[in-house]
């Protein structure tokens, strides 16, 4: 029945991959790059955790330790968290969900991949060459006066920002202009809403980060003194510019994850979302209100009480949108017909960890508690609960969910469930002790710490080893099933989603027979459309 | 979809807009001498906004282009204002105590 | 596979139904890019607002030494260049290829004039010692606060001048393509995007001029 | 209940006036958080078990759209709860941020990797902030180089110290004791070793310490054989401020007393017994944290490069001269030994 080769075999040779304009191939190239970044960042984390087994100086020098946590921050945030789900699954699934043959600007899409590689190379060369030891936050005046080599790393982050803007711009144009005839905004899958909201943040917030790290690079190299207190400058202003980007950036990280979950739950519960509008509009709500809350990172930085009041209240409002999403996902399970696959186990891990991480965010936004917790391991546990418990868990859920569609192979279900459980266990063993460390008052970025924090640190390190092992296990069996996985049917999960109405792996231009949007992507109260070969699992 | 080029201002329209801009620029120059201090800034910003609206509406075809263009422009300017206000709300209301130590009359220990 | 629709600008990309749809998408993409660029200046304007609030007197004193003549001349130059590029697009729609090229060349000339005046202005300031950051060596005014105005002046106008230079480069490329007849009344979206970008550069200067030169 | 929760959550001692209130809000927020999340997960679990698919054929599921009133009630209620926490939290924040008028001002200077304290009356000290119990103290802090953060976990208080500005932080210690001061804002190589101690003394002890610190340091000569050297030693000890923490009449104060010390065994914090001889005294002056006497806070600054070898030997001679001297009653002996709870613990064996 297949008239033309699928996108994996549509072209031969390295040139057809490196110069491709097919959004699906670019998605796979991003997948490889992003997985490398995750592995690299994870390795740095392992070294940091190993050093923290002992309270005194051990294993590595303080300068090496400072460089490693900077590397861990920069690599994980800018090279994995920000691009991961949008650039891989946004690139792959968004056009298919809209019924489009490709993104609006394919050349810009390919360029964004090479700009990402350039930025990553520049940042890592900067690290190897001189190695910034400023932390991924680059706070002035330390970042502008430290003898280590800050400029290349800062410019690397700038270039990675440009790649992020290009991806965001592409998705906004595609969502507006390339929807299939008859596909209204309210017929679109919720994943598209989430990626659209993320793109708005990427396009609006990233330039301000570019400026902030650009100023740090200029200040460090040419001593322009824009934040230099000796010339009357105010370092807190850098913190304002940096967090104006970095708080919306955490929504860039979590919104696509929420989009993935909004696709996984209806498919495996075989049920229409509890409230489509709530899920769709809460994504936009997070995108816009998320820009008004950056000040809760500055409660003890010396901002005025009036400003702290504004940002405190706004932080409470933005949390409501996350609560809406969690309740709506759980509501979707009500009277569904649930099958328990690996993506669903990742969903349950996501719900528990993200909700807990989010609520500790509320606790930190309760201004007076932040005075004790700011810059301690409580904050580190909070954002790792959201980043690993939320985004990485959803990334793995998406990887398993769309694996049949991307590669035409099935992953081994049993191994999937085992590794998901190990990831959940390793994660909790690593980061729950860090909440307690934060309560006990251990500041972050500490090379040597008072002895009273010793036991909790050892527990956290063991957890880190377990989490690392579980992730490596996941990588192994996924790579193995590329070769030996059972051939995947077009619709292994029996999903109504639009992307499942094309063969696995899909042809170069996504659809043999364009799908009929009248059959909604969540219409589990009506029989499945016949044109897509609905295969029961 | 209406073709965009039907009702865009003709050559004469563009020259008229240009004249308005030049007049406003000259007005800003002289007004800045007359109105000084905080009000001077307000006046200058109002005139600049009027000029910006003229350029955006006619030269950039926002007036009769697709509505999404206006939304994108408004959102960008909106967040620009949010950033400036967020920063000013902090700098503006910081208490006196956090000015330089020596201004407190007590020499900071060297 | 739908047959690729032949258009003047090469085969219509497969994901577009019509040429007009592709142009509309290109314009939307450009507007999103312009929104993103304006946020780049937003960061510097926020710094300007904060520092002007903290050091009003120093900003006032320092602004007196800004070269008002060149600043005002540049304002008129950019306003006029906006007119010429708008007329150029208008001429393309009317099919007057030669007039389009002439107007584009005029715009390029005005852009270069802006850059030249800017270099002259910078040279003058640097000779006086009005240099940014640690290199500030201006006799009349103490550094504290004033140097922040000077640094912000160089950052704002420097970033803007960079965008002007980039714009001039784009216009030169567009003029060459116009000369080769690449733009027809129905297909000249690249020229429109170049025009939009140039108008944004003018828009930014409309705000920079009063904020930097007219602090009274 | 407070103590139980405090231990479970690994919270440090509540040693400042605001600590108890903050912890109370902490317990409500954390318990509500855990309860809410566990409830949500439980509901999800129940739905999973209740609605798991038992047949192979996929049934059609009802399309249920949540009624708007349910959403408004649920999310409105949640928003009100969050805002209520914020109201309480911000009230406490204002209390933390606004120092009372009668607070004692003390100037704190943060410098890359050390804290220096200066009292308006003139005495300065390094790494040891001596404060009275029960009276508010206002720290006026500035930094010499980069951003640091003055963080006292036992007080639940922290304030970034920004160069070029004076940041204020006030607290009121509730009971005598010494508390760790840590740097919470990354500031470079020895960020994790930039530590100090807040030593809270009862009111009379503080008053006496302040008098001793302020009084012109003239002390009657002590009997000693090498009259000249011991005499120089006494003058040097007075001038260098040693006698502000070490007494010469046998009573322990902030530091161990010098009377009847020379040649005795000193029980150290890590359980060893060391003979007090020239080597031990020299090492204690140059690297005070190498050996810390049991029951005393590690607050002595290092005099490396401050004392010349001649002065070191003079001081040692003075201590030797107090070996069997009858306690001279000139300095009123403190009311009794300072009731020091064992300090948190000595910082890790730092390089």
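Order of writing sets the chain letters: A, B, C and D. Residues in each chain are counted from 1.
By our rule, a residue touches a chain if its C-beta (ideal position, glycine included) is under 8 Å from a C-beta of that chain, and two chains touch if they have at least 3 such contacts.
Quick caveat: nothing in here was measured; it's all calculated off a predicted structure.
When chain pairs are compared by contacting C-beta pairs, A-D ranks highest. Placing every chain at the mean of its C-alpha atoms, the farthest one from subunit A is found to be D.
The most central chain, judged by the distance from its Cα centroid to the centroid of all protein Cα atoms shown, is A.
Taking the mean of the C-alpha atoms as each chain's centre, subunit A and subunit B sit 35 Å apart.
Spacing of subunit B relative to subunit C, judged by their CA centroids, is 16 angstrom. Averaging Cα coordinates per chain places subunit C and subunit D 56 Å apart. Subunit A has residues 176, 204, 208, 232-234, 236-237, 240, 244, 302, 305 in contact with two or more other chains. Taken residue by residue, subunit D touches two or more other chains at 164-165, 167, whereas all remaining positions touch fewer.
Under the contact definition stated at the top, the residues of subunit B that touch 2 or more other chains are 68, 75-76, 79, 83, 86-87, 91-92, 98. On the subunit D side of its complex with subunit A, the touching residues are 9-12, 18, 22, 25-26, 29-30, 33-34, 36-37, 40-41, 43-45, 47-48, 51-53, 56-66, 71, 74-75, 78-79, 82-83, 85-86, 88-98, 145-147, 149, 151, 153-154, 156-160, 162-165, 167, 180, 182-193, 195, 344-351.
Across the complex, subunit C meets subunit B through its residues 20, 24, 27-28, 31-32, 34-36, 38-39, 41-43, 45-47, 49-50, 53-54, 72, 75-76, 79-80, 82-83, 86-87, 90, 93, 195-196, 199-200, 202-203, 206-207, 209-211, 214-216. Across the complex, subunit A is touched by residues 1, 13-16, 21, 24-25, 28-29, 32-33, 35-37, 39-40, 42-44, 46-47, 50-51, 54-55, 58, 132-136, 143-145, 147-148, 151-152, 154-155 of subunit C. Contact residues of subunit A toward subunit D in the complex are 55-57, 62-63, 66, 133-135, 139, 141-142, 145-146, 229-230, 232-236, 269-272, 274-276, 278, 299-302, 305, 308-309, 312-313, 316-317, 319-320, 323-324, 326-328, 330-331, 333-340, 348, 351-352, 355-356, 359-360, 362-363, 365-369, 371-372, 374-376, 436-437, 439-441, 443-452, 456, 494, 523-527, 536.
Those residues of subunit A lying in contact with subunit C across their complex are 4, 95, 100-106, 108, 165, 168-170, 172-173, 176-178, 203-208, 210-212, 215, 219, 222-226, 228, 231-234, 237, 240-241, 244, 509.
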